[in-house]
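This structure is in structure tokens; I'll ask about it shortly.
Letters A, B and C mark the chains as written, and numbering starts fresh at 1 in each.
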Amino acid sequence: MNLLLKEIRRNPMLWLLAFVPVVFVAAQLRPEAHTVLFVLSVLAIVPLAALLSRATESVAAKTGDAAGGLLNATLGNLTELVIALAALRAGEYVLVKSSIAGAIVANTLFMLGASFLLGGLKHRVQEFNRAGARLQAGLLFLATVALLMPSAIAERDASTGPAVAQQLSLGLAVLLIVGYGLGLLFTLKTHRAEFAGAEHGEEGEAPWPIGLALVTLGGVTVLVALVSEIFVESVQQAAEAFGMTPAFVGFIVVALVGGAAEMAAAFSGARKNRLDLSVGIALGSAAQIALFVAPVLVLLSYVIGPTPMDLHFWRGAVAMMFIATLTAAFVTNGGRSAWFVGVLLLMVYAIFAMTLYLLPPQLQ
Amino acid sequence: MNLLLKEIRRNPMLWLLAFVPVVFVAAQLRPEAHTVLFVLSVLAIVPLAALLSRATESVAAKTGDAAGGLLNATLGNLTELVIALAALRAGEYVLVKSSIAGAIVANTLFMLGASFLLGGLKHRVQEFNRAGARLQAGLLFLATVALLMPSAIAERDASTGPAVAQQLSLGLAVLLIVGYGLGLLFTLKTHRAEFAGAEHGEEGEAPWPIGLALVTLGGVTVLVALVSEIFVESVQQAAEAFGMTPAFVGFIVVALVGGAAEMAAAFSGARKNRLDLSVGIALGSAAQIALFVAPVLVLLSYVIGPTPMDLHFWRGAVAMMFIATLTAAFVTNGGRSAWFVGVLLLMVYAIFAMTLYLLPPQLQ
Amino acid sequence: MNLLLKEIRRNPMLWLLAFVPVVFVAAQLRPEAHTVLFVLSVLAIVPLAALLSRATESVAAKTGDAAGGLLNATLGNLTELVIALAALRAGEYVLVKSSIAGAIVANTLFMLGASFLLGGLKHRVQEFNRAGARLQAGLLFLATVALLMPSAIAERDASTGPAVAQQLSLGLAVLLIVGYGLGLLFTLKTHRAEFAGAEHGEEGEAPWPIGLALVTLGGVTVLVALVSEIFVESVQQAAEAFGMTPAFVGFIVVALVGGAAEMAAAFSGARKNRLDLSVGIALGSAAQIALFVAPVLVLLSYVIGPTPMDLHFWRGAVAMMFIATLTAAFVTNGGRSAWFVGVLLLMVYAIFAMTLYLLPPQLQ
């Protein structure tokens, strides 16, 4: 605990933690002040994300980058799962789906791209374990192919299509979860050695003791989940006040803020030339959302939702996920990166963001 | 001959050969008992496939894996050519096309995937000649691009589209055959050394003398062709009795049983860590169907068919071939495999199978 | 000057230079004799292209292959920019767009493919700097994704779509130019070493002095631009006289003749086993058209065009650019080539050409 306080005293960014109680109080007193709540919740998420990143690195120092990346991805996505569950219970399937698709695209393009760029500005050429990147890209490709099918069927036939898409979604959900489980078995058990990151000598700060790190991870994750809920509630109205289209908010803004914690960890890893950690968080988190979070939501919708949810995404979302996966596969293929590779990924993301920003409402 | 009998005595699976005469007699006596004929023909194809595989390996031991793979692929596809010719003469172009597309997808995803999985369960990491895999994937990509064109044209304009698609198909057929011939010239003649498989010390059984192997190859191929014809006739009705959609039968069931012989050889090669043989059979056979069998059928349709056949496939089939080719290209790019790579390929195949199984009739 | 005359005396192909004044005179006297002007202008472009190639090589001998490739691509595209500007001023946006798309596809498939084939017929296996090829393929991929968006939006909604596509095109144009600039910064400045070609001992002819080379480059570029203009004016009518569709002329014939100068340089580099030069010209030129020429034309259309031009290409053109980019990325991934790789690329190009040749007018 002392160590945690010392850390907060030393790092000015953590002083923003003061906004965490403020946003909770404000949400109670003025639940209709959306723009204020939006700004406050973003200010509160940033230091929480920084703490989460610091705790993850300390755990990763014990477990190795591959397992550390998985841990970080899981905790980051827990937040998203918590938010999605609330939306699921309310039957807001469009919001659930757009946050899933947005998170996958933001992780594969923005998080990976910014990691490459930030790392590349400091280090001329960076290497990472290409076996891991290839595997995650393969899993993402599998998920994208799976998402193509219900969308194609549902759009080609308005009468029986949706019912078939629902059945198919159930089968695909089970298949994707099995695929994800086998992927974990492969990377963490049978072929663990192939996915170990390189040794990294450069280590800026001493890692925290494992106990403190784990307690911080747990506690901060809960706080992020609570603040995120306020953020999601306020973002839609606040965004309209700023003149953004709903598609842009759901796909871009929510995904970027929702992934802030993981991004902080990924970027920090890249700056410290631990690109295996960054790639593991970025692609691992995207794969986890596509092969675990989304299918689990489909299964849970049979229990807690008003009606079952399917995996039918709108065409543009499927296309963007497919392009993002192709890009990530192409770019990580060689296991090396430099700053311009990050620029390429970020530019593809910028093209998507620009298109969604300008998209007329009737096309969304 | 003695050697052949000894082999049959030693290998219990070959005792199923007894079903070969049974199925011929049954087809004569009770041609309308489709479900019985379906089961009998599957039981008869299995041991024939095993024999074919054993004979091919004996020949491959003499010729090297690349030429052995080509030989096996050719003999395997001869069967399919024989069946397709019968359907062509009857003008059943939908059946011909769906068996072509189904065979390409089954070879690139199921046969390759199961080879990687079966090989990977026995050997931690397996290597294969990536030059060969890349070339076959390139040929498949070429064929997929060619098949895209008539389909796009025929579907965009109902009046003149089909006539143009027919002309275009004729030109593309010639182009693909030329491409296939140049590919053979490249791999077997000018750059033979680059495509030679690695030396394999582990050799379970002594190869047969070349004479016996060749005679067995020829004889068994004829038997497989005859039994396959009974199988194809009975499968449609039997499948309906089991509640399968026509698209599922044509694309999945026929392709899997029709490829049984090649699969037996590919899987056996993978278990013996001769992955070059497996990859050669799987991708080589797919490329041969796409660049040789299909174009030859188009050309022959001008001579023996009631009307010329074009290369216009339904959109879903083209999309599946394209995804299968992309997947195979991505996965074989590195020249190494482990069990999970096989799982990935099989899962993409399972996604296709599941979709076709649930596809409502009006979308097929 | 003496050196230049000696070169002309020695090389019979350069005697065709006599057609340069002839075509100018003919265009003045008989501007309506389209077929004659078409033949004359092709005859005049060929020796100019050869001169340009010789001069470029001389400069490249001084600057290294990467910068030499950029120089050659830029001069080659200057011609295309000059022609496009004339069409832009006249508001002929369909012609501008089809020549842009055609040039991208011709460079990535035909120029690269023919370089690989011609080089491969002389050298068994050729190596090139894969870092450079991957970067150019990445830039092309970025541009293709950018071009997808306005086309998708404009085609899905006839009322507001075009206006949105126009806004989006403006944003994308700026983004692509920034991307291109950063790419140059990366290859020529921060990571120059990674993109340096291999040393090439084999050097057939002595390079010209740099002064003569630069003057020739400039003068011949102007002549090519002037002759090209006559060519473009006559090609449409001449093509109809030969029975070609407008799509085939715009996409194939104009692109091939317009790129003749660069092709001569690329092919000559490939024959001399300087494949880095060939790949640099082919992919570099395609990337420059997609990320610099096309966006600049969009921006200039606001100044000199009758109405602003957008980046909305017809669906088939976008699909062909996407396939061409995928093919080039796949094929150059390994950094090695042999003659059959060239055949593969040329065959994909032949499939496109064949389709466009047969395309009924209402589908164009």
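Keep in mind that, in the parts below, a contact is a pair of C-beta atoms (placed from the backbone, for glycine too) under 8 Å apart; a residue touches a chain by one contact, two chains touch by 3 or more.
Being a predicted model, the structure only gives us computed values, none of them experimental.
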item	value
Fitting subunit B to subunit C on CA atoms, where both chains share a sequence, rotation angle to nearest 5 degrees	120
Same or different contact residues where subunit C meets its copy subunit A, judged by the half mark	different
Separation of subunit A from subunit C, taking each centre as the mean of its C-alpha atoms, in whole Å	41
Touching two or more other chains - residue numbers and ranges from subunit A	333
Residue ranges of subunit B in contact with subunit A within the complex	124-125, 316, 319, 323, 327, 330-331, 333-334, 338-341, 343-344, 347-348, 350-351, 354-355, 358-360, 362-363
Contact set on subunit C toward subunit A in their complex	134-135, 138-139, 141-142, 145-146, 148-149, 152-153, 156-157, 160-161, 164, 167-168, 171-172, 175, 179, 182-183, 186, 190-191, 194, 329, 333
